[in-house]
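Structures are listed in the sections that come next.
One chain, chain A, appears in both complexes that follow, with chain B as partner in the first and chain C in the second.
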Partner chain A sequence: MFDWPTFVFSLPLLGKALLITLQTSLLGNAFGFVIAILISSMQLAKMPLLRRLGGSYIFIFRGVPLLVQLLVIYYLAPMLGLPNLSPMVAAVLALSLCSGAYIAEILRGGLMAIPPGQREAAHLLGMSRPAILLRIELPQAVQSTLPSLVNELVLLIKASALVSVVGLADLTRVAQNLAASDYLFFQHYLVLAGIYCLINIPLTMFGRRLERHLQRSLA
Partner chain B sequence: MPLTLSPTTTISTEPAKGANTATPIIHLSAVGKRYGNHQVLSNINLDVHHSEVVCLIGPSGSGKSTLLRSMAFLEEYDEGEIHIEGRLLGWEIDDRGRRKHAGRNRLNQARRNLGIVFQQFNLWPHMTAMGNVTEALVRVRRMKRSDAEKRAMTVLEKVGLAEKAHQYPARLSGGQQQRVAIARALAMEPKIMLFDEPTSALDPELVGEVLAVMKQLALEGMTMVVVTHEMGFAAQVANSVVFLDQGSIVARGTPSEVFRDTQHPRLRQFLQNYLDRNAFWHTTPEQEN
Partner chain C sequence: MTFDLTIITANAGAIWNAFLVTIYTWLAGSALGIVAGLVIAALMLFGGRPLQLLLRGVIELVRGTPFLVILFLVYYGGPAFGVRLGAVTAGVLCIAGYSSVYFAEIFRSGFAAVPRGQLEAGECLGLSRFDLLWRVQLPQMLVLILPAIVNMLTILCKETAVLSIITVPELTAVLTGIGTRTFTFIETLLVLCIAYLLLIEITSRAGRWLERRVGTYLQR
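Take a look at the complex of A and B:
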């Protein structure tokens, strides 16, 4: 039923693929977070133009399937006469843009929950807008939305399975290749499922820990 | 500096004349503000002099908080002028004589010597008391962290909370939180402190500790404008008391003029309400029989 030698043989390949998966999804999440800070604060800005820009961003990148975004981004550059994006760059870019939209909405909720008086106090003490955002508002928004943010990270790791369409040898693609070579479909996909599942364990633990750490200050 | 009551002025809606010959540190002339059709403030004339304590009293909705917030340009007044230390607050007059918003730097310049304390404290909950006090010192005044912490300890000591320096706001009582908020404002070494109902969100038992700190500040010669419902505080500490109703200054004078001698019907009614509300042991001869 389960062919152990094949499993052992596949491990180094899967290990390498795991790195690709982690690299794309973690980088995507990190850049996505930066994008999200920008977009969410644009949406909460006073200027109508900024609000509309932020809103449009979310409309587009939340509205288009990630798979389609990946393909469009990958094939867009040559259309514009630019050099091809490497699969890695295209994958990280697509994951960043997409997760940026989702994280922006999460952060916006967290930012809106902060009593406006806190901003007022900071403003009166002479703090600049970016300083207020980064020092006063963002830490609280991250803290209050941490479960959703961890959730988003987990989702993104799984969504990164899609990057194989631009030719990246991530976990899913390598498992597919292995299965195609020896027809042990069930075994390879079972191992694949197990690996995705295992990735979550340290993440969830890290999230819990961070939550507890942050809560200690506020309790 | 000892408390001195300014020379008596008659109760009128005009600003106190000759109360102090020096230029006022806060000068409001014909200040007005409206929300749509609703006139929130109208024709407010008020001078606050160095080391003076002015208390703003009045029923809710009378505009006293709006007036105080206007003095920090947290509310944009749209008529008249407010000068802080001679600088026009919040507005600039362009070539054609129209007013436009002052730039950020200019606004901050005019606000530089203002400290403000809010009803809801508005401490930052993710920072300790110390963090709350040092934040602006480090980020705005560019002080070295060690220097900022030294100054923070001085002001926290002043409000009696040195031993709570490393506590987060959630671990402090309302009164302690408000005192941290006062310390945070004081750390910036303001010349003027504005208080917007600083004790209204507090349990009655905790009001005293905050008022005590404010009283101490007044004794040290801080210029203060206080919106308050604490008539006892106003009576003891204020140099002048200003009564607002429906967006206008209806009466003003020394505490004794406002609280004891006034004949103004609306003010008398307001004070009577206050007395009734605070009389918890009321026996009439009939009840005793």
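Take a look at the complex of A and C:
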């Protein structure tokens, strides 16, 4: 049932593809985090227009499937006069925009939990608004929401399987190609599932440990 | 760059059918997933230690695998075992299987949220284990876990877009198909986005409405 020589032969290819998958999801997560800082502080701003904009961003990017977002970026970018995006750029762009919306929601919760007295105190000490956000509020928000952020990373790694659709040679794409070449669909997809689990299950457990640790330190 | 919505009206019939396929795969898959999730959660609650460990392992494995990969395993890998499913059937089953572990986790947390004292009181009154589950735990926890279930439903609605990759004729497949045939990406993708936004918004609004209704007598 399981053809070992094929499996061994496919390992180097899958290893290279794993790097692509990790690269896209980590880059997507990093840029998404930056977007999320912007969006969540927009949502907590005093100006109604900014709040509206932040809210609409989250509404749109959480309401449309990631696959559709990928298709939109991939098909529409050339039509809007942008140069043809490489699959890698399109994939990272889509993952960042999408995860930005989800991470923003997480960060917003963390930011709202910080007592307003801290901001007032920092303000009195003469700190600027961006400095207060970056040096006082954000570190605490990240610390208190770290388990959710790890969970989001797991979701993003799983979501990155969709970038195979725009032609990026990630894990899923390479497994598809392998399966198409020797028709061992079940074997290759089983190995594929195994690789994703090998990354995601330890990450999930790490997130859970963080959560327990956090609960103990807060209690 | 032109913008011409006649391509949408000209294909209205096909798009409507695709919309129905999206709704069908979403709701049928979710309904099966909820039932399976409840069964898994109950088995984990009442089953012995080995069964618990086994189910925990299965849950972790499914949760660690992308939905697309599960879809590939079942749809393309199934024939190796003589399991030949149509694309729509495979899609519904995959959504059910994939969501069942998430629903099981939701139900598990719900069971845990009902105070132990109530179970002990019910036991003293001579209720059977099934009665305890059905009449004491379930009605109370359903109120508590409603937001999580609605959230999961919106996630699953978006997952149905992935079914287009295994040629299920749902919204994403049909609209991008029209787009590539007639080179009208802007119109078709716009309609596609709006359709999903509407579905998600309606679902979460209905969820919030239901939450208010059933939460009226909830003690906080």
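Assume the second predicted complex is superposed on the first by the 200 of 219 C-alpha atoms of A that agree within 3 Å, B and C clash if a C-alpha of one lies under 4 Å from a C-alpha of the other, contacts with A are read in each partner's own complex, and residues count from 1 in each chain.
Here is the rule we use: a residue touches a chain if its C-beta (ideal position, glycine included) is under 8 Å from a C-beta of that chain, and two chains touch if they have at least 3 such contacts.
Note that this is a predicted model, so its numbers are computed, not measured.
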Comparing the two partners chain B and chain C, which touches a greater set of residues in chain A: C
Touched partner set for A:Q140, first chain B, second chain C, both or neither: first
Partner chain in contact with A:L192 - chain B first, chain C second, else both or neither: second
Touching partner for A:P115 - first (chain B), second (chain C), both, neither: first
Partner chain in contact with A:A169 - chain B first, chain C second, else both or neither: neither
Touching partner for A:T204 - first (chain B), second (chain C), both, neither: second
Partner chain in contact with A:M127 - chain B first, chain C second, else both or neither: first
Touching partner for A:I60 - first (chain B), second (chain C), both, neither: second
First (chain B), second (chain C), both or neither touched by A:L71: second
Common interface residues of chain A - those touching chain B in one complex and chain C in the other: none
For the chain C and chain A complex, residues of the former touching the latter: 1, 60-61, 63-70, 72-73, 76-81, 158-162, 164-165, 172, 176, 179, 185-186, 189, 192-193, 196-197, 200-201
Complex contacts: residues of chain A adjacent to chain C: 1, 59-60, 62-68, 71-72, 75-76, 79-80, 154, 158-162, 164-165, 172, 175-176, 179, 185-187, 189-190, 192-193, 196-197, 199-201, 204
Complex contacts: residues of chain B adjacent to chain A: 72, 74, 108, 111-112, 114, 116, 118, 120, 122-126, 135-136, 139-140, 168, 170, 181, 184-185, 188
Sites on chain A touched by chain B in the complex: 115, 117-118, 120-122, 124-127, 131, 135-136, 139-140, 143, 214, 217-219
